[in-house]
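Look at the two complexes coming up: chain A is in both, with chain B in one and chain C in the other.
After this line comes the complex of A and B, so read on.
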């Protein structure tokens, strides 16, 4: 795998008339990582993706894909699944896969071979000759995913990968994406399902009103937003502990209570006090790191949502 | 180029299997051929049933008539006339029968009928309804025709084929049968328009479908809009031309198989027309330019339409003018070099049809031809450029039809 980033974006801007869709945005996506592109509706995610894919061009700034401006050959190394899915309704599934594979540079026979293998993997082999319109919504979603990876891309850009899928198929797609990352592929995933980002993404970019708000490894960002508090589960009078200024029951559906600490008190201090105390017993002790959903709401909410 | 090839192959394969295309390309000629055969069979059946009455004359209000034959040529009444016509030995018997009401009228066939053709009709009083020579015409025809040769019978049924010499034609082209000219132009233009509208309709549908299903966004990551447009136009044009070839081939086959049958006489005449072969390359050029012109218009309409119902409505506005020359067919036939036919053969939208008509009917001055071709070629360039402007990412990705106010912005790009 080459040393350059899968995607490298430097200070891109895009306006539609007076509306500034993307403003001075820079980020990079590395090979072998799942990168989450987050933001409220209308934040500029789709515009950014379309600029990466050279469907639309930025007003200014530079975009490099696989180390260079996007060429037709590099284009064929990308798999794209937009939010608004589309398939030819009256065309047999395999025939459509072969056509879209051919447009990505595969020969007809290779596209057919790979198409059949993917349909087999998605348990859709028996529908290969059926029209797309005969398939359920979930099946069509899987066919869409097959279209995205048919040509074995090095970069997958996928908008809401799990929408419309049942838990079983969600797991199938999730495992495929994780496998893809393991093989060194890069995934750009735009989603509103924050739990999936926490579970799968290595790094993330959050934009709002076309501007960068958060950028970096998911764990680091969550830690940045860590409260000066700890979450404990067990029994005892938590308010009696030195350095605890407030006790809050539960937090975002989690078990236990949140102990907000005095400015100079550390988590280690509280842990030592609990160990010394005869009136408290703990089953769980952890730093109060907010969920991505909390962070999203906090950041997007500050911008007034969109 | 590979992408254009992939789009071309896919669109070709997809559209050639459409039920509508298969029906219009292969089914329609077969059905027309079978209908003509059926009409022929029906007609021969009728002829056999009335073997002695090859031609049926109108008797008007006459239900019962009599005749007196002084020529000796019509001794017996043909069976098919027995209900209507009765032979009397002399005028007195016939008059008595008329006065008694047994017959309404009677005819007297003169002794020198064969040379003079003289027949006198006697009626009871003045009645326009009864002044009719039908029964006696029928008697003469039925009695004399069976003895005539087939060639003589053909002349009896169709006494004259007028040949008209058009002084506007160059002498080497020779005189041509006007009916056949008319047919040739009509059939050629009709076939051209049918193929044009059918296949370009598919072209427009295909663009709108990709927009409507949002598949266009995925396609845009694999193929440039202009490549997609080129692949589609090439594929659908191929299907259009193939359709025309099949129809023309079917016509040829029909004439070869059944050209001798009376119902195929028109088709046979069509193929026997002395086609101005020297004009064939020019006609083909008009055909191709005309096809590209409308293909570009249809794809541009597809690009700006947001639903499959919307496109044909816009298309109708732009394609109806192409058919206008048909409404002036008689004028083209009578005076192909009059102002209106000339103007229509120069105006790009009507030029493909109008000029094809004129080229088969008259000798078009080279300057007019050059002007018309030049304008058409320029217009083709312009509409392809327009289609290219419309066939852009912003338009294709938009879920709505642009308003008239948006058009200047789209054209600027």
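After this line comes the complex of A and C, so read on.
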């Protein structure tokens, strides 16, 4: 794989009249990583994706895909699964796969071969000659995914990859994406399912009102948002511990209570105190690192996003 | 270019299998052939009934121009006056009568009066009789030699037109046949392919597959591929129909209708040119409409409205018969949406002045180029526009290249 990033974006701007959809946005997506593009509805995610795909052009800034402005050859190396899924309803599944594969530069026979193999993998082989409209919603989702990867792209841009899928198929798609990363492919995943981002994404970009809010490795960002607090589970009078300034019951749906600490108190100090104390019994002790969902709500909420 | 051809091939292959297309291509001509065969059989049968075989023919020769020595064919009855012959016809004693006017030797004109059709056999018998008479009687003033060669010249000359017809209803029909077939073919083919194109675009937009398509092909390739693929589909349809017509002609071989069919080569060339240019005019217009409108139902309403002008000259047919070079036909010649059918009708009933023809073709070509170009712009701009329909002013801005401004509201609403 080439040394350059799969996507490199430098200070792009896009306005629609007075409305600034994307403002001074820069980021890069590397080969062999799953990159999450997050943000509330209307944050500018779709506009950004469309600019990457050259469907619309930025007012200013630079976008490089595989190291250069998007060419026809580069287009053939991208698989795109838009949020609004679309298939030809009255066309047989395989015929449609072949057509869309050929538009991505495959020969007819190659597209057919790969289409059949993918349908086999998705357990849809028997539906190859059936019309798309005869398939269930979940099956259509899988066909849609097959369309996205049929031409064996190097970059997948995928909007809400798991919507409409049952847990079994969710796992199939998830494994496919992880496999794809393993082979050196780059994935840009735009989603609202934060648990999936925590599980799968290496790095993330969160935008709100068209502007960058958070950008970097998912774990680093979560740590950045770590509260000066710990979560404990057990029994005793937590407020009596030295250095604990406030006790908050529960911790965003998790068991235990959150102990907010005085400025100079560290988690180690509190742990030592608990060990010494005869009034407290401890079952669980952890740093209060918020979930991505908490971070999302906090950042988007502050920004007035919906 | 490769992708454009892929799109073209896909559009052709998927639409050619559609039931509506198969019906239009094969069903309708089969029905037409059936209809023609039935009509021919019925008319032959009817002609047989009214066939004048020498037993029920009257003739009136008030000036006694026919040679007395040549007997009338068997069963021909002489009547002294037109009135007497007509009375006999109305009474059913005879089924046809011929009037030989005093000017016959000079003009060759005879009038035939009948309620039904007259058979070729009958006409041949009359001609033989008249020729024999001309040969036998040197007193036949005027041009006896000419009368030997052409015993009758019962032509109908259409006013304002250089075209002449035999004194045969089939001939009149024959003159009309080719243009009428062309107009029907033209309109159905145009309607069918343009509607396919439009509903295809509407479907791709509604299904949101457009988002995937535009990441693989440029809007220009997509539009070009669709125009090409469906244009070829239209040609395929025309090809099938032409074969069907040839088959029909084969079935009608030897009938009066066929012998009277007139296919002037100039008209065929004109029809072909107008057919192709008009296809691009309408197809690109419909593609633009398909891209802008959100629903197939709405698109169809527009399509109906916009194809109406092609039929307008047919509705105003009487005007064309009265004066093919009058104001209304002339104006319709210059309007690109009505010119195709207008030109064909005018060429049948009269002749179109060359400068009008050139102006009409020029205007149509210019309009077609403009509409294809404007549609391509609108097409590109509105492919990913959902939910909101642009108004005419917004569309005009898009056509003028101010697309980014025009997308404001739509884009915000969309995200």
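Just so we're on the same page, the second predicted complex is superposed on the first by the 305 of 306 C-alpha atoms of A that agree within 3 Å, B and C clash if a C-alpha of one lies under 4 Å from a C-alpha of the other, contacts with A are read in each partner's own complex, and residues count from 1 in each chain.
Assume contacts are C-beta pairs under 8 Å (C-beta built on N, C-alpha and C of every residue); 3 or more make two chains touch, one makes a residue touch a chain.
Owing to the predicted nature of the structure, the values given are computational and were not obtained by experimental measurement.
J.: Identify whether chain B and chain C fit side by side or clash on chain A in the overlaid structures.
T.: They clash: once the shared chain is superposed, the two partners overlap in space.
J.: If you count the residues of chain A that each partner touches, which comes out higher, chain B or chain C?
T.: C
J.: With the two structures laid over each other on chain A, which partner does A:143 touch: chain B (first), chain C (second), both, or neither?
T.: neither
J.: Which partner chains sit in contact with A:42 here, chain B, chain C, both or neither? Use first/second/both/neither.
T.: second
J.: Looking at the overlay, what does A:119 touch: chain B (first), chain C (second), both, or neither?
T.: neither
J.: Would you check which partner chain A:21 touches, where first means chain B only, second means chain C only, and both and neither mean what they say?
T.: In the superposed model, A:21 contacts chain C only, not chain B.
J.: Between chain B (first) and chain C (second), which, if any, makes contact with A:229: first, second, both or neither?
T.: Touch partners of A:229: none, neither chain B nor chain C.
J.: In the superposed model, only one of 23-31, 77-85 or 95-103 in chain B has C-alpha atoms clashing with chain C. Which one?
T.: Clashing stretch of chain B against chain C: 23-31.
J.: In the superposed view, which residues of chain A touch chain B and also chain C?
T.: Chain A residues touching both partners: 50, 53, 55, 75-76, 78, 80, 82, 84-89, 91, 99-100, 102-104, 147.
J.: Quick check on the complex: what are the chain A residues that touch chain B?
T.: Of all residues in chain A, those touching chain B are 50, 53, 55-56, 75-76, 78, 80-82, 84-89, 91, 99-100, 102-105, 147.
J.: Report the residues of chain C in contact with chain A in the complex, numbered from low to high.
T.: My answer: residues 3, 6-7, 10, 14, 203-204, 207-217, 384, 386, 404-405, 407-408, 411-412, 414-415.
J.: Under the stated contact criterion, what part of chain A meets chain C in this complex?
T.: 16-19, 21, 41-42, 44, 46-47, 50, 53, 55, 75-76, 78, 80, 82, 84-89, 91, 95, 99-100, 102-104, 147
J.: Can you tell me which positions in chain B touch chain A when the two form their complex?
T.: Going by the criterion above, the answer is residues 2-3, 6-7, 9-10, 14, 209-210, 213-223, 393-394, 397.
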